[in-house]
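Note that the chains take the letters A, B, C, D and E in the order they are written out, and that residue 1 is the start of every chain.
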Amino acid sequence: MSETRDRIGDTLLAVENVSLAFGGVRALSEVSFEIREHEILAIIGPNGAGKSSMLNVINGFYHPQDGAITYKGNKRKQMRPHHAAATGIARTFQNIALFKGMSTLDNIMTGRLLKMHRNFLWQALYWGPALREEMEHREAAERIIDFLEIQSIRKTPVGRLPYGLQKRVELGRALAAEPDLLLLDEPMAGMNVEEKEDMCRFILDVSDEFGTTIALIEHDMGVVMDISDRVIVLDYGRKIADGTPDEVRGNPAVIDAYLGVSH
Amino acid sequence: MSDALTLTRGDRSAGDDRRPILQVNNIEVIYDHVILVLKGVSLSVAEGGIVALLGANGAGKTTTLKAISNLLRAERGDVTKGTIEFAGERVDRLSPYELVKRGVIQVMEGRHCFEHLTIEENLLTGAYTRRDGRAAIQQDLEKVYTYFPRLKERRASQAGYTSGGEQQMCAIGRALMSRPKMILLDEPSMGLAPQLVEGIFETVKRLNDEEGVTFLLAEQNTNMALKYARYGYILENGRVVLDGDAKTLADNEDVKEFYLGLSASGRKSYRDVKHYKRRKRWLA
Amino acid sequence: MLYREAGQFKTDYAADQAIFPILQDRIFLGLFLLLALVAVPLLANEYWLSTILIPFLVFSLAAIGLNLLTGYCGQLSLGTGGFMACGAFFAFKLATAFPDLHIAVVFLLAGVGTAGVGILFGIPSLRIKGFYLAVATLAAQFFLVWVFNKFPWWVNYSSSGVISAPAREIVPGFFITGTQASPVTKYVFLLVFVAILALVAKNLVRGKMGRSWMAIRDMDIAAEIVGIRPLHAKLSAFAISSFFIGIAGALWAFIYTGSVEALAFQIDRSFQVLFMIIIGGLGSILGSFLGAAFIVLLPIFLNNTMLAVDPSISTAIVSHIEFMIFGALIILFLIVEPHGLARLWQITKEKLRLWPFPY
Amino acid sequence: TAQEKQFVPGLMYRSGPYAPNGVPFANGLADYFKMVNAKGGINGVQIEYEECDTAYNNDRGVECYERLKKPGAAAITPLSTGITYALIDRATADKIPVLSMGYGRTAGSDGTVFPYVFTLPATYWSGADVIVNHIAQNEGGYDKLKGKKIALVYHDSAYGKEPIGTLEALAAAHGFELSLFPVAHPGLEQKATWLQIGRQLRPDWVLMWGWGVMNSTAIKEAAAVAYPMDHFIGIWWSGSEQDVTPAGDQAKGYKSANFHGTGTDYPAIKDIIKLVQDAGNGTGPRDEVGTVLYNRGVMNGAIIVEAIRTAQDKYGKKALLGEQIRDGFEALNIDAARLEAMGLTGFMEPIKITCADHEGTGRAFIQQWDGKGWNKVSDWIEPNRAGLLRPMIVEAAAAYAAEKGIKARDCK
Amino acid sequence: MTAPRAFLPWLIAVPVAIGSIGLLFQLLGGLVPSFFFAWGYYFEVLIAGLLQGVMYSLVALGFVLIFKASSIFNFAQGSMALFAALTMVGFMEMGVWWPFAFIISAGVMVLVAVVIERVVLRPLVNQDHIILFMATIGIFYILDGLGQMLWGSDVKVLDIGIPRDPMFALGAIFEGGILINQYDFVAALTGGVLVAVLAVFFQYTRTGRALRAVADDHQAALSVGIPLKTIWVIVWSVAGIVALVAGIIWGGKAGVQFSLALIALKALPVLILGGFTSIPGAIIGGLIIGAGEQVAEVFLGHFVGGAIQDWFAYMLALVFLVFRPQGLFGERIIERV
């Protein structure tokens, strides 16, 4: 564990007093926490607690009514999702949001779009610098494909893939952007143990090899407790706990609101 | 592979001692005229039973359930071989509407709530086939709300704006509203908080005990599934590779390793899973 | 047996990303082009050239244009007719104002102009989606046709509002517009021109731009979160799509009919092109060609066949039956293969690869 | 040989939005040819008539043309101004005469620039002049037109725009005020137009260049704003039974121009009834014979047959080529005697075509609807061709020639 | 239905808008003399537009019904109107009294609905919306061809005795009174009643809920036992009968012939303005479009050469859409991840 602790650096992103409401529904109320560089942070909480909304706020899809977010030292209240992407935030989604009509490879390549710069005239020619650029990124995409062990479905349209593989491709797409902050919304939902093991391994490897900071939402406590450095717990839009897995596991409020007695 | 297990292929009697209410005989399913997904699946579910359908992603669980509830055609899939019987009657050519009337309803994977309808309206659509009057429907609505109090809070919200878990509850509640004899549950626990997962399985058990509803559930949460089911089938690559009592299955070494994440030394941490572990498969 | 890729290994990604990675496909394409460039002009008669092949090529280009927008970027548009009109009238103004400008340049510039108009009418797509957008693009359709119909400046003050293409050569001695142009030159020019543009389209869709379009099409919200700017992606799709459609409009007026009035680009034209891409296959360049062939040929084929079978039936009955069969065939095709002829072709190839096994 | 047949293509429309008007015309044309054939053909040469359905659609028209064209085609009848425009170049190159009778490109009457286009017996420009002439007669002379308000309701297309230039010239010459009201295709919506006309502008006369459903809608809307019908005059394409019957009694009093007779009281038409309809060979129903558009189809057929006959005088009594028949058209001289022989005395005015002038007299008359039938309410009116129209035509043709790089023919 | 309070702002906004547009024109009239007009004339145009608008609504209504129930954008609605009217006239020409002819034609439309469900919709269940849209274009062609083949393509007169004479109202206030077209008035009344009845029927019944469920997700609707077949037959039948009414009214105006199928195009701006899924939206949209385009054509048209009606309606709708992408009363477009 100690090597992990060393790894963790300064605050990468700080959420301060964020509140978000939809009509009468308060999805988030005055939530504050921070994500530190290189850590794996888990966000847990009952259904409808506001976890996904929190990620949406972080990457600019929802605009909070109140509060601010400081990312890499810049404070902001609002931004468009594509700006968030440009500053190095990538994510996956709770309900898979892959581009269904495209192949696995193309999906991963879209993750790299921000890094491609040839203008469209070159693209139209598909030759010279454009081709070279395309090939560079293809290689990067292939590295991710190898990493995630999805070589065999490279050319398959993702719409036809089974759920678990889709989740993996989605992770691949997020990784392709080489993000500084990776947000994962229930990456392991709908997987069996074996696949969860694989997924955990990927997440840990990403963290180790690329030093990417990861915030993940997950309902499988086994996974959360095993792989996260820190856990925060939301309930009804409020943060009710924040600490190491062990601290959180013992917290009566958390047991009450989320874990249930049997755990 | 343990000797306690029978390798079934078309061996239907292996199900349960009670009368089978659902019989699937050697079905083959093809999507898009070319993609062969199920390669002769047989299973049977006893009346009042809870049967789990286990298997990795893409094994064909969903496809099997859809074949039973006749939702395949809407996806350009087709049952090309085999038969499906419910309560002694062949149902593979019935419309989903007829099936629901006969008491078979499916809760689809991935929620599929009606986005623009409110939660309550969603639940009410479940009662579409019923003809037993408003009062009875109202009563069942209340019952669903007692199973899922969260839904009551959100009853007037459009389903499209509720959280993933809330939608899952809504989908299950909607199925309950049809007063089914048999529910085909596709990954009910996906995306639910642990407390609720337990809640859902308890609900399943209660419905099974108190109202005699039969369940066939496809589930990734093998742990839970085997805890509540009486019988289980393991599907791989479109074939049933293993079936048996839930207990027997749970004790099987391979199942333990691949589906329960247990090794000889007990549950191992996700952190310690070895790299480059390759899957072992019953079928190549 | 013959259609196998076994033994064809690729050693770099470029080869793997080629449009036709399989050798047999390349051979087939080569033969096909040879046939189209050499055999067809030699063998086809004037009727075939000027009423089937030429409009087919022009429509293919329009279909590619619409396919970029609708098939690849998911923005349903019913304004194709209006954009074709832009191309036609821009080209006419350019060609008559600058008689020395080479005709191919005129076509390209007309396309560029249309692209500008496309961007303008694409702006609402940032907020409006699906069928709402489709109907909103009708605003472009009606407005543009009205503009060209209403202001005589566009037709150089001809009293009737009809423009006719001035005679121009593609290379000295070979006229492609005007009365002197022979169908063969027209055809060969079109074939080459359209083939080049189709290649450009293909390059665009398999590169960065195409991916951002498809991402927007498949899930615009996720696309934005991945970092694609909806504004750029949608407007570039509108621009490039209009560029192709504008050129198609210019070719229509200059090479196919030779003279048009704005009303030739009525809403039916938009629907016609939409049919092509749906029947041919959304999101497929090949599909655009197949769809264009189908929609151009089918009515003529039905009409001619019925008359050939029984020359004495009234043309009214023939027309009505033709309508009904056309409609029925569209439905039938959609039922058999909703993803269009291109998909059918792909499935055939897949079956061929598996042959003699069924799957 | 006696078995030789003269091929005549017809680009008709029996489907599409304008079918109600296209069908009787096509029937009249076909029946006339059947009648001629029944009477032994043109000097023994039978007519082989083939139709293609354009649905009033320009590109379908081009396809039909390409399908039916052959060197032996006598003349093309495009029956649509748009299609005529699209075919002029092609037909000229293929050497097939285009007969656009009372429609099409007015400038086409200049035979020096358009050797293969024939606009007889009248063009839109003549039509406009004739109608204004009629108005002047009603008002008591051209000088009374000064300060009068005349509105033109027109189909917003090449067709509808044709008369504008002429009317503007006339307005300038005679001091009336011309207001223009375009109506968008297909013309189902004219509420705004007629509110403006009937409730605000209140013009003294309204002219109409409409086609298809636009005509009947206009008549109904005019009635709805209580515009006096007898001050509402349509061009010949706006004056058929199809246009007035849907409006019922409201259409009573409506006027239109025409250049041929209606009814069945002509020997040729009686022949059609006897030899074609009664022989069970009629293309359409019996009671259609004698209606305006049917008779116009008959006239179209008669002119083609006469052109062929004239050409045969020069090239022999056999099936001829299009370019030979063009010469027949240019030598066409249907005088009273010829009309008598054709059985069409009183049906139409004598026509004489020359190499330079492909229009003829341009004469027309005004008819009025009485709720049951059309009555001729004016004499044949002679348009001011020499003084006004012909120079305009020559100018327009010259502009076209310049644009296209065509060298005008010398007709001397 | 949108809550009643949502209509309140409208009750105020609409008269204000009407008044201020009128005033604007008055002001312009001060600047450009040719522009001058009487208030009576302005109201005349406005009323004519509103009446016309309700007639558009009638056609739009058919679209809405089908879209609500199946998310299908039914391009064939126009040709259904034509086909229905042709059938009705056909029977009337055979001497059937018009109410009977109406009933028979309604029956024919139900039959058409059954056939469409069986042959087109059922095999295409769960397909992309654009595919279904395309299929309806196929239906458009078939109905067009069939209608004309069966009943011929000449103009048919359809007269069920709606009065047509001009009528002048409010003579006391405006000089010469305000001209109201009686036919349009009756037509608009019919349209209004039909819309009201359907709105109630679909909003307050079990069927209504099922309809909206089907529109959201075919497969899920199937899975809970909603019989798509029956639902579709009901909806297409009702849409067919609405088409029949529209066909009678428009056919009575313009004669029954091919061009009738094209009025569908006029219903589209109404549809997007009101919202694809809202029955009341169809009528409000119709009123706005009708009044808007009529006023624009009369008062602005001649500055730019006229015949602007067609695109003006679309532009108007487009401008509204930019502010409310789902139309005035359409369901909110749900955007979530």
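The definition used in the following text is that a contact is a pair of C-beta atoms (placed from the backbone, for glycine too) under 8 Å apart; a residue touches a chain by one contact, two chains touch by 3 or more.
Here the structure is a predicted model, which is why all the values come from computation and not from measurement.
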{"item": "Required steps from chain B to chain D (each step between touching chains, minimum)", "value": "2"}
{"item": "Relative to chain A, chain with the most remote C-alpha centre", "value": "D"}
{"item": "Rounded Å distance, chain C centre to chain E centre (Cα mean)", "value": "33"}
{"item": "Separation of chain A from chain B, taking each centre as the mean of its C-alpha atoms, in whole Å", "value": "29"}
{"item": "Inter-centroid spacing, chain D versus chain A (mean Cα positions, whole Å)", "value": "74"}
{"item": "Mean-CA-position distance for chain D and chain C (Å)", "value": "37"}
{"item": "Contacts with two or more other chains, residues of chain E listed in rising order", "value": "148, 153, 305, 307, 310, 336-337"}
{"item": "For chain C, residues contacting two or more additional chains", "value": "146, 149-150, 221-222, 225, 316, 319-320, 323"}
{"item": "Touching two or more other chains - residue numbers and ranges from chain A", "value": "52, 61, 93-95, 97"}
{"item": "Sites on chain D touched by chain C in the complex", "value": "12, 14-16, 19, 23, 26, 51-53, 55, 57-59, 62-63, 66-67, 81-82, 85-86, 88-90, 92-93, 105, 156-159, 161-162, 164-165, 182, 184-185, 283, 396, 399, 403-405"}
{"item": "Residue ranges of chain E in contact with chain D within the complex", "value": "37, 41, 44-45, 48-49, 52, 148, 153-155, 157, 159, 164, 166, 179, 181, 183, 250, 253-255, 257-259, 262-263, 266, 293-294, 297-298, 301-302, 305-307, 309-310"}
{"item": "Interfacial residue positions of chain C with respect to chain A in the complex", "value": "12-14, 17, 200, 203-204, 206-209, 211-212, 214-215, 217-219, 221-230, 236, 240, 283"}
{"item": "Of all residues in chain B, those that touch chain A in their complex", "value": "35, 54-59, 109-111, 150, 154, 157, 161-166, 168-169, 187, 190-198, 220, 222-223, 258-261, 267, 269-271, 273, 275, 277, 279"}
{"item": "Chain E contact footprint on chain B (complex, rising order)", "value": "69, 71, 73-75, 95-97, 99-101, 105-108, 112-117, 121-122, 124-126, 128-129, 158, 160-161, 174-175, 178"}
